[in-house]
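Heads up, the next two complexes both have chain A, just with different partners, chain B and then chain C.
And now, the complex of A and B:
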């Protein structure tokens, strides 16, 4: 028993230390590409930390979203940044050297002040955390008592989609808003589908159906074990990112209304269920006991599809050009410029 | 001192590291990375403190953290798009030192 405790402590300390080191190297490394790759490794180790803290649901979400999709987004942005600023490279160099030369006493003073302030800040935070009681029950007993009324047996899914469904509803809205923001920053892109090599093509054909299957499994299993809409949606998004990277583009027919319909579906189903319940005399987002399980599965299925497509669209960055009204779009694009 | 507090302190460390990098670095992509590290630190504190129970950990913070992860990627994606737009218009992925006229 003693040896086991010692071993687990050794593991935790190593994990915590590695996390800190990776975070430091991520932020301090000269090369941005190296920093991003280290950040992906950091995300994967965070997933391990979640497992150590008995949070397998978060570990799944972190591995798929935190490490995988965020890493893909960052790398794509870096690639665009470097191809965009090829000509202005000398300018950046000169600012860096100027900053090096200009490193005056004022800057050193500023750095010192920053370190002192942050030290005080850390001391305060550590004091607050250590002054918390060593053991609490929190809300775990309340959740366990009401779990039968939620329609699912996984407590995290019960909190996400029943007890605190309001959070999840607004979160889907945040996801959609982020996409709207990104779409409005750029004019729609031309549809440029390209063929990939044979090996990549074959691999995609094998992997994408598998990812869709895993996504469906995660969605179904979320009712009684770790899993759920967000994990399933992010696996679906991974399939989408893979397809986009191999040169596949959604057909012109689906790039217009069908795509927008799929994007808002998760939020729409959620709102419709909520409004119907209010009209039937219940409270907002209150599910009747006998239908709760079905409602949750319905909302989760719609949310999975929307989350998957939204995340893949976030990765793509621009809205695809619809086929029919391309002339009018071009006009508005020219006006913007 | 048990495992929950150890991870909570690690979370504080990550948050502070991220905050320092956020203030120190000029490049916007580094700032976005720093904000992500800060976010991971906050989530780690939340989940670590939820593990202070006798048996199963508190599921409410777990659900909030899953929500947090999705909100974090939304914010990161929007921030990256804004950075690329800024780089397109001004030619550099940094904010100007002096406030613009």
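And now, the complex of A and C:
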């Protein structure tokens, strides 16, 4: 037994050290592509660290969202940056040389300030960690006592969708706002993908049905074991990203109102359930005991679809081209100017 | 220690050896094509051996089925991704290594 504890201790130290090193390399790498690849590796090892901390829910979310989808988003952003910088390179160079001239005297002061700020921050962190009580149970006992009232048997889902449903509601809103921000920054345009090839097509054909199945499984299992809407939604989004990479686009019929409906559905169902409960004389986001499990499943199912489609839309980066209407013609006119 | 345990230890060690060999290949081979060749082949087999070792310790058949599914998915993903990376490298004109 002694050797086993030593071994797991050694593993944890190696894992923690590698995480720190990866984080440093990610920030310090000059090459953006390298930085992104290191960031994805960091996310995967971080998921492993969460598993070591007995937090499989967060590990799932970290692997699917932190490493997988954020990595894909960063790579998509990098591809856009590169295609943009080819056109505006001379401009960038001149601004860089101007900045270099002003830098030399300010630079030392700036770095000194940075070092002082970081030292204060680290000292504060160390103080907080040292002042934490050694043995703490936090709110886990309170959650365990009230688990029966939540309608689900997985404590994480109980907290996310019942006890602290506000947080999840606002998270959904933030995700939607992020997409709206991206959509309003870029006008709809066609992305030119290089031909994807037979192997990627084949892989997508095999994986997409499986990903949809896994997504449904994660959603369903969230009631009593690690899983839930965000994990299921990100797996669904992975299917969407694969489809987009192979050159698939939603049909014009679905790109307008149907897409928007799917995007807001998660938030809408959440809000409707909350409001109906208020109208029936309850409090906001209070679920009656007998329906709590069903309400949570309903909200999570809607949220899964919305999260999946929102994340895939974030990867796409622009609004899909709507069917020809007066508004879109105006916009394409503005683009030409 | 039962026979199953000994078999598990043997399979896990063999799997670890293949992973090690794949990693050495990734670090030591001269170009992207040979590196991916070493990594993909060795890791596919290494993972198969690891999962076979774990399957011997599984409590029910559903666990074995899941382990098998993981291996099949991994085979599919790693070989496809290796192909995609190599194809991109080839298109960008990265030369094959010659002695």
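The criterion applied here is as follows: the second predicted complex is superposed on the first by the 290 of 337 C-alpha atoms of A that agree within 3 Å, B and C clash if a C-alpha of one lies under 4 Å from a C-alpha of the other, contacts with A are read in each partner's own complex, and residues count from 1 in each chain.
Heads up, the rule we're going with is that a contact is a pair of C-beta atoms (placed from the backbone, for glycine too) under 8 Å apart; a residue touches a chain by one contact, two chains touch by 3 or more.
Only a predicted model underlies this, so the values are computations on that prediction, with no experimental measurement involved.
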Which superposed partner A:122 touches (first chain B, second chain C, both, neither): first
Chain A: partner with more touched residues, chain B or chain C: B
Which of chain B and chain C A:80 touches, first, second, both or neither: first
Partner chain in contact with A:137 - chain B first, chain C second, else both or neither: first
Which superposed partner A:200 touches (first chain B, second chain C, both, neither): second
Which of chain B and chain C A:49 touches, first, second, both or neither: first
Touched partner set for A:298, first chain B, second chain C, both or neither: neither
Touching partner for A:28 - first (chain B), second (chain C), both, neither: first
Chain B versus chain C as contact partner of A:181, first or second or both or neither: first
Interface residues, chain C side, partner chain A - complex: 73, 76-77, 80, 83-84, 87
Complex contacts: residues of chain B adjacent to chain A: 2-10, 12-21, 23-27, 29-30, 32-34, 36-37, 40, 43-45, 47-67, 69-78, 80-85, 87-88, 91-94
Touch list for chain A against partner chain B, complex: 8-9, 12-13, 16, 19-20, 23-24, 26-28, 32, 35-36, 39, 42-43, 46, 49-50, 52-55, 57-58, 61-62, 65-66, 69-70, 73-74, 77-78, 80-81, 84-85, 88, 91-92, 95, 99, 111, 114-115, 118, 121-122, 125-126, 129-130, 132-140, 143-144, 155-156, 158-160, 163-164, 167-168, 171, 174-175, 177-179, 181-182, 185-186, 228, 230, 307, 311, 314-315, 317
Touch list for chain A against partner chain C, complex: 197, 199-200, 202-203, 206-207, 210
